[in-house]
Amino acid sequence: MRLTAENLSARRGEDLIFKDISFTLGAGESLVLTGRNGSGKSTLLRTVAGLLRPETGRVAWTSDGAEAGMRAAEACHYLGHRNAMKAELSVSENLAFWKDCFGDFSGGRGISVGEAAESVGLGGITHLPFGYLSAGQQRRMAFAKLLVAWRPVWILDEPTAALDVNAESVFTTLIENHLAAGGILLAATHQPLGLQNAQELKMTGFAGVMENVW
Amino acid sequence: MPESLAITKFSDLANPTRFLGLAARILPWMAGITAILFALGLYLTFSSEGDYQQGMTVRIMYVHVPAAWLSMMCYSVMAVSAIGTLVWRHPLADVSHKTAAPIGAAFTLIALATGSLWGKPMWGTWWVWDARLTSVFVLFLMYLGLIALNRAMDDPGKAARVSAVLILVGFVNIPIIKFSVDWWNTLHQPASVIRVDGPTIDKEFLWPLLIMAIAFTLLFFTLHIAAMRNEIWRRRVSAQRRMAARMAGQTPAKEA
Amino acid sequence: MTHTFYISASYIVAAIVILCLIGWVWLDGRARQRELAELEASGIRRRSARPAPTDGAAL
Amino acid sequence: MTALLLRDLKLSIRSGGGALIGVLFFMTVVAVIPFGVGPDLNLLSRIGPAIVWIGALLSALLGLDRMFQTDREDGSLDLLLMQEHPLVLTVLIKCLAHWLGNGLPLVIASPLLGLFMNMSEVAIGATMLTLLVGTPALTFIGAVGAAVAVALPRGGLLVSILVLPLAIPVLIFGVSASYAAVEDPAPFMPPFLILVAITMFFAVIGPIGAALALRNTAD
């Protein structure tokens, strides 16, 4: 089970944000991206998640059961800046929808909606409309979305923004459990997540304009 | 609690809790009286003779006229509530004009449908674009627009103020509807019950019509009070849910 | 078509609309009361009702 | 996939949903026509099918820009793009939900407006039938426009401009089938079958085009 990136480069508009990034992550391994604002952390994460087309290079997922040529994105959970939850629907409706839509990836099972809300510490309020929750609570529920369906790779973009210390420790515990279960983590963050033996990749940003094109 | 004295005071009726208590007490009575009046009215309606000019179809009048009357009265109730919202910033006034809109739309729909069913045998067409019919149709659209406006806004307080302004602006339509048959020469017959020189309508039709009109009016108030009670409950549920969400944030999160 | 058709049609239309209206108000009220009861059951009360729940406030 | 259909339907019915507003706009547009052309019943019944069709077309355009926009704003679109299901299928389901929430109410409201335009019973039936068959095509065409405009600010206006020219064939055959039902020499079936063909054609082309646009506008 391996997530591989080879010679990735990507651009935003005409600017080359990064180039020639390669890494390999096996079961239980994690990679934390650091760097100042605009250094390309989010861009790299979106490229790995298949939401941006890489300028060069490729992202590949290899494991025993996987068919050749499968998109790596299908093995990933992506938690971006936005929570991907509807304010009009209740928390449980939101989570149940995503549970149904995601389906379980081979090699694991998601937990139920109630248990997922319980494990982010908000068990009693799943019947409330998502819009009634505070920003921190919304973020926690968005995190619960990762638990309802199994994906080996978690791609987290600033997961702990808008969270207090207490909730951060809950997140760290959940991430450690995921890694212990053979998961892979790829995260961008300002705050240290408090993970042991995580690899770190420092993004510098702006690798130059596309001078070879024009 | 010394509530027996204060209940007569208007300002205390403002208290939603007091309103709920009052509503619980009078709603069964109102519903009962409405049912009795409807039974009586319908009995009189079907035992009366037909009109020599319009034949049996005059019986449509006993539904059509009260519904048309209510469509205008409901808007007037909403306009008064809108003043309550804008001038006194009364929470019950917000609830009142919000809940009256669907009821008004329903009665306007009845007036339009029965009018159409009356027009087909009388005029040979379902619909004509004359002043009375058009202005009632505009009223119907205004009701629907107000419902849509209330649904589109998240904050009920702001929605109430915005729709109150719209209600008051739209109130110009009510006199137009009332006097359209006098001002313009239309197919629709002029008023025959409420006139300065007394009703021109035959006594035989007047009684069933009056009873049906009172029954419809009582039905409106029964439904309106019940709908207001529902709306108050809805806002309570929403407030308590918000509070529940806040409280869940304060309790320490459980370690997974 | 006979006049009876138009008369019965208009009474039926009026009856259907009014019954829908009554049904909506009735069911809406039932649903709201159930939600309030659920909230009550999960231990959430109005602030004014918490010390000594009276009839009116507990509704 | 059923989950996506149900979620989108729920969203279109709950507060802020477009179903009621679309119908209301439809009624208003058709109701202002008699003020413009005068209350001549013969004239109204002659132009009735065309007016109802144009009203339905404009109201169908009204809600189109929100089709992918809301999902993009809250980030759901990213997650939908990542899934295993083919994106074409996801788009097709979203189109279906959008039509059920916004298109079908227009079809249901159209007989009422037919009465207001003094149309005959046959004409009303024909117009309703052609709208039932034709409005899905508008949704499928609109999906391409909505997907192209999803990343743009003020995309709503642009969607209308992009979609209207493509919707003209639907309008032509919808209206001509409605007229053919009432005017004797012209047969009803040929334009109606062409309308069915157009809808089926766009049911294939629309989701493919929209999926392609969504993949390429991601940023």
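Think of it as A, B, C and D in the order they're written, each chain with its own count starting at 1.
Rule of thumb we're sticking to: a contact is a pair of C-beta atoms (placed from the backbone, for glycine too) under 8 Å apart; a residue touches a chain by one contact, two chains touch by 3 or more.
Chain by chain, the UniProt names read as follows: A = Heme ABC exporter ATP-binding protein CcmA; B = Heme exporter protein C; C = Heme exporter protein D; D = Heme exporter protein B.
A quick note: this is a predicted structure, and the numbers were derived from the prediction, not measured.
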Farthest-lying chain, centroid of Cα atoms versus that of chain B: A
Comparison of A-D and B-C (more C-beta pairs in contact): B-C
Inter-centroid spacing, chain C versus chain B (mean Cα positions, whole Å): 16
Chain centre separation in whole Å, for chain D relative to chain C (CA means): 34
Chain centre separation (chain A, chain C; CA means) in Å: 45
Multi-chain contact sites of chain C, meaning residues that touch two or more partners: 42
Where chain A touches two or more other chains, by residue: 124
In chain B, residues with contacts to at least two other chains: 154, 241, 244
Interchain contacts (touch definition) - all pairs: A-B, A-D, B-C, B-D
In the complex with chain B, residue positions of chain A that touch it: 118-125, 128-129, 131-134, 136-137, 140, 166-167, 169-170, 173-174, 177
Sites on chain B touched by chain C in the complex: 1, 17-18, 20-21, 24, 55-57, 59-60, 63-64, 67, 102-103, 106, 109-110, 113-114, 117-118, 120-121, 219, 223, 226-227, 229-230, 233-234, 236-237, 239-241, 243-244, 247
Residue ranges of chain B in contact with chain D within the complex: 116, 125-130, 134, 137-138, 141, 144-145, 147-148, 151-152, 154
Residue ranges of chain A in contact with chain D within the complex: 12, 46, 49-52, 73-74, 76, 78, 80-89, 93, 96-98, 100-103
Partner chain A, residues of chain D touching it in the complex: 2-4, 7, 10-11, 14-16, 73-76, 78-84, 218-219
